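Chain naming follows the written order as A, B, C and D, and within any one chain the residues start at number 1.
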Amino acid sequence: MSIHVKLFLTALKNLAERQWTVRWPEERRDYSPAVRGFIVNDRAVCISCQLCEAVCPAKAIKFHLEQDGKRYPGIDWGRCILCGYCVDACPTGSLRHTPQVEITWRSLSTYKFPREMDPDAVSVEAGGRSLL
Amino acid sequence: MTEWPFNQRVGSTFFIDAEEKLLEGRRGMVLVVGPQHPGSGHMRLFVVLDGDLITEVVPDPGFVHRGVEKLAENRPYWTLIPLVEKASIMDSANITYPVVLALERALGLEPPPRAKYLRVLMAELSRVRTHLYDMALLGIFLGHSTAFMWSFAIQDLYAEVFAKITGARTTISYAVPGGVRRDIKPSHVELVEKLLAKTEAKLRDFKTLFLDNPVTRARLEGVGTLDAKAVAELGVVGPFARASGVRYDVRKVHPYDAYGELDFEIAVEKAGDAMARTLVRWREIYTSIDIARQILKSLPESDVIDQALLFKNPEYRREGISGVLGVYTYIYPELGEYHGMAEASRGLTYVQLFTTSSQRLYRMRLVTPSWRNLRAMVEAMRGQRLADMPAVYMSFGYFPPEADR
Amino acid sequence: MMPFELSSDLVAALVFPGVLGILGFLVVAIWAERKLVARIQWRYGPLYVSKAIGGFLQPIADLVKLVFSELVLPRHTNRALFLSTPLALFIAEALPVAFIAAAPGLIIFYNPHGLAIAVVLWLLVAVFLVGMAWSEADKFTYIGAMREILLSAAYEIPLLLSLVAMLLLYGTADPYRVVELQNVWGVLLNPLAFLAFYISLVMSTTRFPFEIPEAEPEVVLGPYTEYGSTLFILSFGGTYVKLYAGALLGSVLFLGGWQPAVDTLSGALVTIAKMAALAFPLLILRAIYPRYRIDQALRFGWSKLLALSIAAVIFSIALRFAGVI
Amino acid sequence: MIAFALFLVLLAIALGALVLVGYLLAPKSPHVAKERRFEAGNPPFGEVKRRLLMQYVGYIYMVTAIEASAGLMVVVALWRGVVSLDVALALATALALIAIYVVRYLEKVADVKKWS
């Protein structure tokens, strides 16, 4: 009998607990700047070494020729698993993650190798509600 | 009215034949549990029922078979890590452990001490998380939605910490041959300490409401009992073998990385029933928390990646190992056969690699614990009541993606 | 005897405890259950439909959604039975309400043995449930129906005996007399009977530790598996109607009905408060217990619960002879 | 009586209207696949009503035996409104008999091996 009373009291005590659910998109989870989010490429630093293409486990990266005569990586977001191997392989640090983890595209044609991997285009800030 | 695409008669004939075969000489009926069933997971169970008693269970796994072993063939060796961890995403730090160990043997790399400790830290946090995940599913299979929600909430703390340390919530791909991918900062040490403290605090109420609940105990005690002999014969591994009194843990028997230097006791129970299997994992959560605390206390100062790799990469200059992964494209494993073995959350995970003299593998064999426990799970269900089926199912922590690979 | 007015019993039939009360309770109870359980589980619960009032309109939104989903009548069943049993079930579960007084004059059908009739009608609900499950002709519903029968075998005797204990104390089953006689509430007079009644109520409404017929991991949804659309509302809402009837009966038998109020309106409000107090623990049970196995529930019903109810009857006889009431 | 009839009729009409409205308003696209029986996503598998949960028939037998006496007790309790000694004795005897029978046979009834 006493154990059942204890069970009820435990349950009632937790009525006052703060909700752990995060009401996305009004609230965001706390992602540090270190999170492996949307990948951007700084074209000024990129040396077109193609190491990122070589290490990619999902074969999601393809290089394409740009107007300036250099080749730059493009990511097939349908294949990318955000493992971050390309970022870790990049010898110059031109590829990097952004804290943007919600990645969606309007149509199939746009999410395959979008050319816009401009770091300035991503304006998502790190931080949010931490449960800890 | 459109016609049903498949021939109705053919389909049902197959099943009626199967039922007659299953029922051979038995009374009762065959209940098909799964694949579209709240209590089956990604598999199908043919349950032969005599009234309320289960006389036979025939599992039909393979619904989430993704061919990890086949995919691993003819594939650069470093891509195995993100590939293998998809088999068991909650347990990603542990399930990739044997792969990394085997690759290190093949490449002749030796991780520095700090990396060894960090890998073990991640493996233990991942173990806590997987046990909480399994506890959650056990809870919902017994009808206890609060146990489900609470464990899922607590395990989400681990996702948050993983995201802060490694960058990803579940598929962390943290350990790589020769070290780990990111070093941890002093703020991360505080973060993990806070995480462990909060886990312990929150698990107190969880224990009261779920494990000490008389209804839970009534549902789990004396259900699906397997003795040590049966467990040994069926090849059960991990906490599920230890629940029957089999004292076998790879972390103790063949200590890898930092486990030899850490002081911990493995949890062993005698009873061998569903409650014992749950309690072993419950005690392992606390063992893992203890190990994690030890690691945070005695974290050696060194690099986190093998110097041999660094030497090969003159570009290495920034924080972390940026650029190092590119080195894998220059180095080649020795031709041969290598193996790795680790204690994942659900038991022994074994990997065998057959390398060629290129970077591409000839073959990988991956033995996951859930697959080895499936047979025992089915044996334990026999003779129990229908309502015990989900309880035994989840007391084995059976995770179909891990078993099917 | 209380005045028996035509107008007030029509109000009872239409508003409280009649049709509007039942349908209103459905909405409130489903919302309250989801909200309370969510709070215990560190969640928000229903929220996005009508955020200002805490997602109160969520059950109504669900209802609208279900009404607009296709009604599928399976071919392998007896379609007439399949369609009519949920209706019959819902009405059968609402029937006991008609014989219980919610306030002075607020009774749908007065009978001097009203409370006994209500309990007996309450026991008849399982008949429709089993008929429903049988007409569906599915293995899961079949097993669920069997479990329903077995569960009713576990709680019927204790429920009847706890009623006997209270009737012995009051000496009548008249819904008005019973309330008038409770200068001291029944729950204080015979707590054993209350406990036996309450646990039987949990079992008969298949609330959580005894939510065995609908056990999800084994039998999907038990007797309700095959139903969709509006028929699902009826079959799913049925247990809440039973809970409503049980709470009404419990507040009249054990909590002194509408006392201390004397007039109809305040009496009805007091009864509603007492029903809410009775239903609250039942609503949060979902967050506290997993479910028993059917054999454990049967054993429990035939050992501890039966002993409790027998003790309650003996206690009542002793009280009667001691001249307490 | 009028109120009772009204209560039943109103309830039936409300529920029937709900079903009818659903039937009229909801989209209808009947399909063989929707209307056939499925078991957890599989085609129907053998007979449905094959064998009762025989292990628990003992309980059903007990309840049929005892429920009648419990009903009699309700009648006795309502009989005269006062509990005289003979009524109390009769009730006590009946309860004692029930208790004795249940204690005597519960183990046997609960034993699964005996009933399967």
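Please note the rule applied: contacts are C-beta pairs under 8 Å (C-beta built on N, C-alpha and C of every residue); 3 or more make two chains touch, one makes a residue touch a chain.
Note that the structure is a prediction, hence the values are computed from the model and not measured.
Colleague: Return the chain pair with more inter-chain C-beta contacts, choosing between C-D and B-C.
Modeller: Looking at contacts between chains, C-D has the larger number.
Colleague: Most central chain by CA mean?
Modeller: Looking at where each chain's C-alpha mean falls, the closest to the middle is B.
Colleague: So the centre of each chain is just the mean of its C-alpha atoms; given that, what is the distance between subunit C and subunit D in Å?
Modeller: About 14 Å separates the centre of subunit C from that of subunit D.
Colleague: How many angstrom lie between the centres of subunit B and subunit C, each centre taken as the mean Cα position?
Modeller: The computed centroid separation for subunit B versus subunit C comes out at 44 Å.
Colleague: Approximately how many whole Å separate the CA-defined centres of subunit A and subunit D?
Modeller: Centres of subunit A and subunit D (C-alpha means) sit 56 Å apart.
Colleague: Any idea how many Å lie between the Cα centroids of subunit A and subunit B?
Modeller: So the centroids are 25 Å from each other.
Colleague: For subunit A, write out the residues touching at least two other chains, lowest number first.
Modeller: In subunit A, the residues touching two or more other chains are 7, 11, 14, 20.
Colleague: Which residues does subunit C have that touch at least 2 chains other than itself?
Modeller: Subunit C, residues with two or more chain partners: 40-43, 139, 143, 220, 287-289, 294-295.
Colleague: If I count partner chains per residue in subunit D, which residues reach a count of at least 2?
Modeller: 30, 36, 39-40, 44-45, 48, 52-53, 55-56, 112, in rising order.
Colleague: For this structure, give each pair of chains that are touching.
Modeller: A-B, A-C, B-C, B-D, C-D
Colleague: Please give the residue numbers of subunit C that touch subunit D in the complex, ascending.
Modeller: Contacts found on subunit C: 6, 9-10, 12-14, 18-19, 22-23, 66-76, 83, 87, 90-91, 94-95, 98, 108-109, 113, 116, 119-120, 134, 137-140, 142-143, 146-147, 149-150, 152-154, 156-157, 160-161, 163-164, 167-168, 171-173, 220, 229-231, 233-234, 294-295, 298-299, 302-303, 306-307, 310, 313-314, 317, 320-321.
Colleague: Give the list of subunit C residues in touch with subunit A in this complex.
Modeller: Contacts found on subunit C: 36, 39-44, 47, 281, 284, 287-289.
Colleague: In their shared complex, at which residues does subunit D touch subunit B?
Modeller: 30-33, 36, 38-48, 50-56, 112, 115-116
Colleague: Which part of subunit A faces subunit B closely enough to touch in the complex?
Modeller: Touch list, subunit A to subunit B: 3-4, 6-7, 10-11, 13-14, 20, 29-32, 34-36, 49, 51, 54-55, 57-58, 81-85, 87-93, 97, 130-132.
Colleague: For the complex, give me every residue of subunit A touching subunit C.
Modeller: By the definition above, subunit A touches subunit C via 7-8, 11-12, 14-15, 17-21, 23.
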